[in-house]
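Right, one structure below, let's go through it.
Per-chain numbering from 1; labels A, B, C and D assigned in written order.
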Amino acid sequence: MRFALSAEQAQFRDLVRDLLAAECPAQVVRAGWAGEPAAVGRVWTMLAELGVTGLLVAAQDGGLALDEVYLVPVLTEVGYAGLPGPLVETVTGAALGAALPAGALDAVLAGTGRIAVDEDDDGLVAHGVGATVLLRGGWAGGTPVRVVSTVDLEPVAAVDRTRALARYRSDGTPVDLPVAVFWQRGVLGTSAALTGLARRLLDLTVDYVTQREQFGVPIGSFQAVKHQLAELALAIELASPAVLRAAHSLATGDPAAATHVSMAKVLAGQAAARAATTSIQCHGAMGYTEESDVHLFAKRALALAGAWGPTGWHRRAVAADLTPGKES
Amino acid sequence: MRFALSAEQAQFRDLVRDLLAAECPAQVVRAGWAGEPAAVGRVWTMLAELGVTGLLVAAQDGGLALDEVYLVPVLTEVGYAGLPGPLVETVTGAALGAALPAGALDAVLAGTGRIAVDEDDDGLVAHGVGATVLLRGGWAGGTPVRVVSTVDLEPVAAVDRTRALARYRSDGTPVDLPVAVFWQRGVLGTSAALTGLARRLLDLTVDYVTQREQFGVPIGSFQAVKHQLAELALAIELASPAVLRAAHSLATGDPAAATHVSMAKVLAGQAAARAATTSIQCHGAMGYTEESDVHLFAKRALALAGAWGPTGWHRRAVAADLTPGKES
Amino acid sequence: MSYSPEERRFRDQARSWLADNVPARPLPSGDTREGFAAHVEWERRLFDAGWSVVSWPRAYGGREASLWEWLIFEEEYHRAGAPARVTQNGIFLLAPTLFEFGTPDQQDRYLPAMAAAEQLWCQGWSEPGAGSDLAAITSRAVRDEAAGGWRLSGQKTWTTRGAFCTHLFGLFRTDQEQSRHRGLTYFLVPLDAQGVTVNGFTRLDGDEGFADVFLDEVFVPDEDVLGGVGNGWRVAMATTGSERGLSLRSPGRFLATAERLVALSVERTGAVTEDVAQAWMDAQAYQLMTLSQVTGLADGGELGAASSLSKLCWSELDVRLHESAAGLLGAEAEVAGPWSKGLLFALGGRIYAGTNEIQRNIVAERLLGLPRR
Amino acid sequence: MSYSPEERRFRDQARSWLADNVPARPLPSGDTREGFAAHVEWERRLFDAGWSVVSWPRAYGGREASLWEWLIFEEEYHRAGAPARVTQNGIFLLAPTLFEFGTPDQQDRYLPAMAAAEQLWCQGWSEPGAGSDLAAITSRAVRDEAAGGWRLSGQKTWTTRGAFCTHLFGLFRTDQEQSRHRGLTYFLVPLDAQGVTVNGFTRLDGDEGFADVFLDEVFVPDEDVLGGVGNGWRVAMATTGSERGLSLRSPGRFLATAERLVALSVERTGAVTEDVAQAWMDAQAYQLMTLSQVTGLADGGELGAASSLSKLCWSELDVRLHESAAGLLGAEAEVAGPWSKGLLFALGGRIYAGTNEIQRNIVAERLLGLPRR
């Protein structure tokens, strides 16, 4: 039992990390608030060249045919960078392969296509604006998924303006796919992104409190600040292995995979929500402005914490799974 | 609108406070761990002489015929002192007056009688050992109350050894009384005792952390200690008016009285539970011994937090009351 | 512990006026330029009807209401969903200081105009190097003996609605030899004075509600010194106490939010969840604690450090209320709207008016008597 | 990330032996005199079957198990409801230090006897004036050159099971000129030595599991100095790291408690509550974090300050698990029994082995690099 990434998995993650560090600094995320900048498109294309968008796609469809254990560290890095766009949904949806509308898979594999998912099928979808394909349904792995290829979109203002939120009415065409896996991958990928966001917020805050002085000392020397950040660090350290375990369970067809995936979302959502509020608090008035980068990542964390089932929903799912007689 | 005790109510409370400060110091509570000491009996008698045991009893039955707004500050002081014995239940039960078995009311009014209540009717009762009368039932103001005058008791070890926990089998005789008020008074009285306990634990802890030095300074100068105690102080300041309001609602027949009483138990139980864990934590290893007084009050707080419905039960009761269509 | 017949009549009167006058559609945010104008119009309507400053003397536009009546009015105001008060920095923060420290001339010049929303005040506390640590102020005022006043220079920041206001109150260092709490003076500054530059910037909730205010040798005459030269810290602490305490965040606002949360829970789940019930109880408890504190004040007591308990309570409560709502809203929680904006605004509540870390220090040291380091 | 066939075989073997050997009725508490004897008997049975110290060399009674196998054994041990280890201060705290700093002679004299529960060790860290602040130790050791050793005097307190043990390890000040962390030496002391007095006292959970140990000129020969004169702090920190980290609180114990909590919830409410589900997830997460840390160690890394994360995690988790149970038990929560005693014991977990306040400082300063004051 080694509970860690293999050398290949770590290497793949490092490639993505290096790419994002170079190509997706905070100013690119910030630029995404005013519509997708060219830099974001370039990062998507470069990630696609590494094979990220086709990570779960079968080899005969042109993908890497890798599994969720490869996926999670990659999406954690994407979360850390705050890359705008529906990468979780695109990677998840791309696994449909030939079931996608004509041309969509090629576009996704080239890094130009975007798949948006309205997982709760309520007509409100993140990244609807600019999406190549929209998938609706799949909630809890229990409702059918339909493909919507062209949609009438009405943009909706969101807290995080990179989320390109929109309402739509199109109904779509049912598509045959393993809905449970589709749902679990979306939840898992969102969990991975949340742990990455949480770590980014921790890093930003550690930097800030080490530099910012009040009362003649760095504010990071106050016990109240230290303890908040120590608790945050612990929440992240607990969530990260839980997300990785869920990936492994999904990849190996563990019968408890659904429980493990819900648990990953709960812990990652809690870590990210704590990261968002703690980082704003420790930045003081500076955290309450849009001038600081912390707001970019805190708002993303708040948005993703509610996506693909909020914490309470997944906690109740775990509770139901643990209740005897309800497991089967 | 004056949200405060009247001069008479405050005066009555002060009498009780002074009496308890003189006659019921921590060593009397500690002595109560080895069976009821004479000092405890003396305090009960003196409280009875002030009229406390008959506070709710009708004048024609020899009581003071006062209301819950008088009762709450008195029981808060009793909680603060940690006086052993079922005073909440005795005051509540005494209001039955002539419905009690022959001689019982006189004994209660004299301070020698004790009424124990098995409010959840499960055959396990606090202060069963030494009780003059045992009442069973009344849970949620919905189940009938029965009087058990003589019982076969099997003592049960409790965390707080002054609680004289026992199991019994006697069935008892139904008694006609307003069960809702009986239940609400028991919950309210327990809430009052809990806020008193919480304040005692806060006071003990403030004293300790002001004196105890580590790393060359009083541990109360550390921000982590300060902030824990500030949060505790706030919890107590919030719970106390809520308990008083519930008393007023009960005394004036407010239709929301049941909700207010449950709310009082939730907030008082939370304050006391926080007080118990915070005081033990701030006492360090000293809090983890029976040599320190803190354990006497912390264990009482943990016991009372579970009595007359635990926090979760009362929170669900409030939630149900707030749900439209369930209020009537 | 019940409301008197007079108090009930006062409540009915307020409720009825609000029912007739509160705009049916919410105004645009008062922290944007266009919204601010709409809010000022609302404030003037409120003033004309005598509801702007209910507890003030009649001479200044008030009704000489009791503290209880003030709390009742606030409850009704928020229950009616009436607009947020863009005059609040003036009427809730500066005014108590003017009543306590102002000269009769200052009171006459400023209080009625403030109540009527003709003068719009922002506060000038924070500076880039002085956030939580207010005593680190470096903005300075240099004596201009010839002109009979002072020349103010420096930068104030995080000034709420600074870009839309007409006046600023704040602390400046009049004695450069002194440091920290000493040598500070409280000034009243018109923002149209020569040498003032105001730059708005954007807040966490997306509104342009903050500003940097730059002052370059801005002249302020002696009659606009409040509370005496060198007394700034003491005067400011009185105002800060108001801000943290009762006046800024009356329970009515949180009671109204709690009721909306209860309705949201019923709408989304068919019942009130435990989490929502807890938040509702916490809001109720804050109201009861406030009633208890107000009784103490009415009996001649002082609020003192207990205002830090209030600040801790309402600011943490506000976050919990909005977090509960976000849990109920799920994926919809990210839509820009009252709940999501309210959550971001609530996160600011733990920071402004003295961070909650500082409030906990104050409670521990001043209420509980724990030793300072 | 799966267990290998060998690991699965190891698990089956442990499970099967435990199923056959764990006492059907729980032993009386090992922190009482009568219970201690029963526990020592159990420990000897465990040793004879080779399960006492699975990760140790075979020469000392172990099976040279890997870290994974050790975790597997711990899981099975707690799942089987096997007795708490009264040898733990020896085998989990002192032994790692002996392996790292002990002479071959010390290792031979102490390790096998400790594994066999013939020598029973307690720790002598805390003193009345040195709890969280371990460097404030005042117990002293004075050189006795003639006898070739040291004379130890002073008082150690909060010594777990001190009244029942045969040996004590702890820190004493050998250089009176030095203060704080300097001039301390780590000694191994037999409790039957002349000049030792042990007084038991009662703990929060009602067991007599603590003792004061008084030393009055107790002679300890040079060969029972561990790690060299004056090196006590460094040597002790290694042991403290073990105590706070993996070794004392393996995840198996909390996983087992979480499973019992799930069963309690079903028994009392017919379902698993959200609160219980959260506690169960937290226990799982602690296990996964530990697996991840152990992988780092197996790859040649060091645990370092991450052991503080473990300590924070298991100690807070233990409280939450037992608080959840108390909520389910309601009025029954006050009955003395596994859940109520477990809660009180859990409250101690936040205090001993370095309070959680100190652990949070360590995480912030050493893992996150925040500045010390």
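Definition applied: contacts are C-beta pairs under 8 Å (C-beta built on N, C-alpha and C of every residue); 3 or more make two chains touch, one makes a residue touch a chain.
Everything numeric in this text was worked out from a predicted model, so none of it was measured.
Most remote from subunit B, judged by the distance between CA-atom centroids, is A. Put simply, the C-alpha centre of subunit A and that of subunit C have 38 angstrom between them.
Averaging Cα coordinates per chain places subunit C and subunit D 53 Å apart.
In subunit B, the residues that touch at least two other chains are 222-225, 227, 312.
Of all residues in subunit C, those that touch two or more other chains are 357, 360. If touching chains are joined by edges, the resulting network of the protein chains shown has some other shape, matching none of path, cycle, star or complete graph. Contacting chain pairs (ordered by label): A-B, A-C, A-D, B-C, B-D. Contact residues of subunit B toward subunit D in the complex are 119-120, 122, 124, 126, 156-160, 163, 165, 213-215, 219, 222, 224-225, 273, 277, 280-281, 284-291, 295, 298, 302-303, 305-313. By the touch rule above, subunit C contacts subunit B in their complex via residues 1-4, 7, 68, 262, 266, 271-274, 276-278, 280-282, 284-286, 288-289, 291-292, 294-296, 298-299, 306, 309, 312-313, 357, 359-361, 363-365, 367-373. The touching residues of subunit A, when paired with subunit B in their complex, are 222-224, 227. For subunit C in complex with subunit A, the residues that touch the partner chain are 126, 129, 131-133, 136, 157-158, 201-204, 206, 210, 275, 319, 323, 326-327, 329-336, 340-341, 343-344, 347-348, 350-352, 355-357, 360.
The touching residues of subunit B, counted against subunit C in their complex, run 1-4, 69, 202, 206, 209-210, 217-218, 220-221, 223, 225-227, 229-231, 233-234, 237-242, 244-245, 248, 252, 263, 266-267, 312, 315-316, 318-320, 322-324.
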